[in-house]
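Sharing a structure with you now.
Each chain gets a letter, A, B, C, D, E and F, in the order it is written, and its residues are counted from 1.
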């Protein structure tokens, strides 16, 4: 199991492995929005927490199809499924590796990008906290979606379609926490909800995902 | 016998129109797919006999 | 008993293609599956490996399972030969990859990225993976594709050593492996007859 | 005699072909009566004017959009637990009806919103939940379309339906938390204060029954088509083998 | 050549071909933004043209790696390169097919999604026009980027990184035209610039892209 | 003259692997490249096909070029067999795919999606593509991988007919194709010597 985690992390950091690129995508979304929306600081500051959350979510989303598709294509998934480790464990490790290479860097980068969008001073802490609590749920839900679509040729965008409605509660609570934080309001409720969603998904979805993979390999 | 819809005529008729269009579309699609599948199946059964 | 398959029927795309296949493998035995393209060798092997469900019949594997190797080698292009092999060794709880590298003559390539191997070298690496699984039963789908004569001999040698150690192997292939001790099973006689009614989950009876 | 007998394709085909004419007739009858009554023979509301007539399509379609998903959830569960093919095919057959109902609710709501709230669309919780429901339907249908093998598709979509239902509920709470809205509460609740006047309630009951019956008719028809498709697939497969 | 266009269109409309899915992505981005930013109609109306342009651009971007990567993986690209048609023609056709399956549907869908973001009445026409003039440039530039990265394993996100700076002028003029339109101001200048960019890229980039592919196949 | 290669050196990953290869093919001739895994057969064929640049030496092809077929078949999984073939026929300005389907025994599979073919059936489709190119020179990289004996014979037949029509073929393979008329060229003697100074674009001399 640890071997799998290490391999996935190593693959991610090798050339073309996607580490840093989803970060780059986050950066780019954040940079594009001012070009599209216009440069007024007031508007930008108001929408900053929301845009940062949406940007983080999209970056996360785009890296989802790598979770299983690559392993499926080169036959590793067949081999892992016949290997002496439980598929649920494989799924959980894959989700963890995804979070370590995507969610965590995004969380760390968000405050920096907040500066670009004139995020109010008071918002930085809450933005980071909300991402820290929320991104694991994004990774786990995404792993489930990736498991559903693993059999399909380039299921990439179908994957987005399936996963996005599932992301909405996380997004709402996350962005709400960040926004309230930026406006100096109480953030306990949304943060608690976020933590609850994360705990629930981490506990349950790996089983559903493993089941989906078994079905897909048939 | 025409009802008086007042200034909201467009709104009400539009809502009913959209609904009826969508429902008819759904019914039409259902019937067409059903007929097509029935035809293809009968064709196949004729070719193969009832149990292949 | 390494493997016992009783009265197995396997399907692809919802159609039963092989029927009433029975075979057993004792430790030290090798069985080669033959048959024309499309008869269902790959499908049979995947079913035995547990990657898909049988239509009917039973498969009994050793408790710790089998080592399966398919058309694709499961190599990561950006990892080196040694890294690829180490990963699989650790998944199977093994440590030492040196003997496997040696057996497949990959020692000089150990630090090369997998993407820079030729077709036959990749395949050799895929076969070396089997040696680090520590499993008694090997299920191999066309193991010698793209291999030159010397590598085929190398492979035959590895299989022979595996059998000597009390292992067993079930292989599908079109070419002669030079393994005299292997039994050959032609799958052509097991081609499924026009399927019996009732096979498609009761749907073909729906109007009977 | 147990209910599971109807999960046998043959039994289902027989029963449904017997029931269809009755259900269809009843559906057309109630739907037409309800709509004609509602459209022609109800007075204008003192605040909403004639737009109140939209309620007779808006509310039933909204209700059916939700009920359809509930039905899909139950039939998917039946498939996962008891592996009755007809059950999951009924879910597959229902999805396009559900998405149409969702669209009708959204469109009529949008058209209604224009005079009432001065905008086609607002991010009201009720409206937003429906948009999310629409996305769920879309994903569910797309997944059916994308997977080749019918049993694989059945398993995957059923799992999606299950997980999706949980998340749909979660979304509802999230959306309520996010925005308190403009939309009416439940007008047919037992709470007297909220209750719409009887002159609207009666035709509304009728159209609601009509939508339910229409839904049943369409589900039966479409399930029959799906069963035929499966049989055709089996026959074609057999022909190819021969 | 026509055969190639027809094949690409047919592939796109087959299962998993990606047609409609990039549209779905556009829909989803548009839907997510209010969840992040909050439901107030005024704010949404102000940022609507910008967000719609950014959304269209992202949807376009995500489908870029399909342009050549699939053909590369299954060996078709090698075969096309040795076939008796000029590689420039192949590239141009690929770009055209991409626009037909992505840019055009996005343009047609944008007004509908504008409703969700409370786009002011006056903005719809200009939004559509600006997308109509701008999306061909997105496709052609994207084809060039895809050609540059075709050799790389999953160059998808690297591709984004390369292409995005090239997209910025198009985005600026496009969003500006849509925004001015929505506010009732004159739109001639940005629209002219957009048309100019499109004409220029269509005339020149296919040659650069063909050269890039030749290099990548070596 | 169908193909003339003079003093060709080819490289992979910046290292020259084959050196001083010369060969010619007249209409009606077939040449089989042999050599152990990793000697450079694939690299040589790709260089001849113009997919990569030679390090030195010259390749002369017929004016209309050659038909190349590599390890991958260039099939689209979601198109049917007939659609795949028709596409390539039209790219090469041909119309009729029926003879090609017939020659490769694919007629019964014509309406099957390519993704539902077995490994050997896919390969047959890849070879059928050659028949609709109308090119005189074929460059084939391990054409018979995954093919059963009957299909190999079918393929040999197709090559023979091609040669009769005045075509020529250059093939790399490890197994016996049963084509007596083909000349065999072993590439082992052409393995590049320890690279001469100056080969790395002059960089290794830069500090001499």
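Rule of thumb we're sticking to: a contact is a pair of C-beta atoms (placed from the backbone, for glycine too) under 8 Å apart; a residue touches a chain by one contact, two chains touch by 3 or more.
It should be emphasised that the depicted structure is a prediction, and the values quoted were computed from it without experimental measurement.
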Quick one: which chains contact subunit B and subunit C both? D
Considering subunit A as a copy of subunit E, what rotation angle in degrees (nearest 5) results from a C-alpha superposition of the former onto the latter? 180
Taking all residue numbers used at the subunit C/subunit F interface, answer same if over half belong to both copies and different if under half do. same
Among the chains, which is located farthest from subunit C on the basis of C-alpha centroids? B
Tell me, please, which two chains come out on top when C-beta pairs in contact are counted per chain pair. A-E
In whole angstrom, the CA-centroid distance of subunit D from subunit E equals 35
Distance between the CA centroids of subunit C and subunit E (whole Å) is 45
With chain centres taken as the means of their Cα atoms, state the distance from subunit C to subunit D in Å. 48
What are the residues of subunit C that contact at least two other chains? 13, 71, 77-78, 194-195, 204, 207-208
Per-residue overlap in subunit B, given as positions that touch at least 2 other chains: 52
Enumerate the residues of subunit A that touch no fewer than two other chains. 15-16, 152-153, 155, 158, 161, 164, 168, 172, 218
Contacting residues of subunit C [partner subunit A, same complex]: 46, 49-53, 64-79, 83, 86-88, 90-93, 129
For subunit E, which residues count as touching subunit D in their complex? 15-16, 24, 28, 31, 34-35, 38-39, 41, 44, 115-116, 118
Within the complex, which stretch of subunit D touches subunit A? 132, 135-136, 138-139, 142-143, 146-147, 149, 152, 155-156, 159-160, 162-164, 167-168, 170-171, 173-175, 177-178
Quick check: in the complex, which residue numbers of subunit F touch subunit C? 12-13, 35-38, 40, 42, 71, 116-121, 123-124, 142, 145-151, 174-175
Counting only contacts in the complex, subunit B reaches subunit D at residues 1, 3-9, 11-12, 14-16, 18-19, 22-23, 25-27, 29-31, 33-34, 37-38, 40-41, 44-45, 47-48, 52
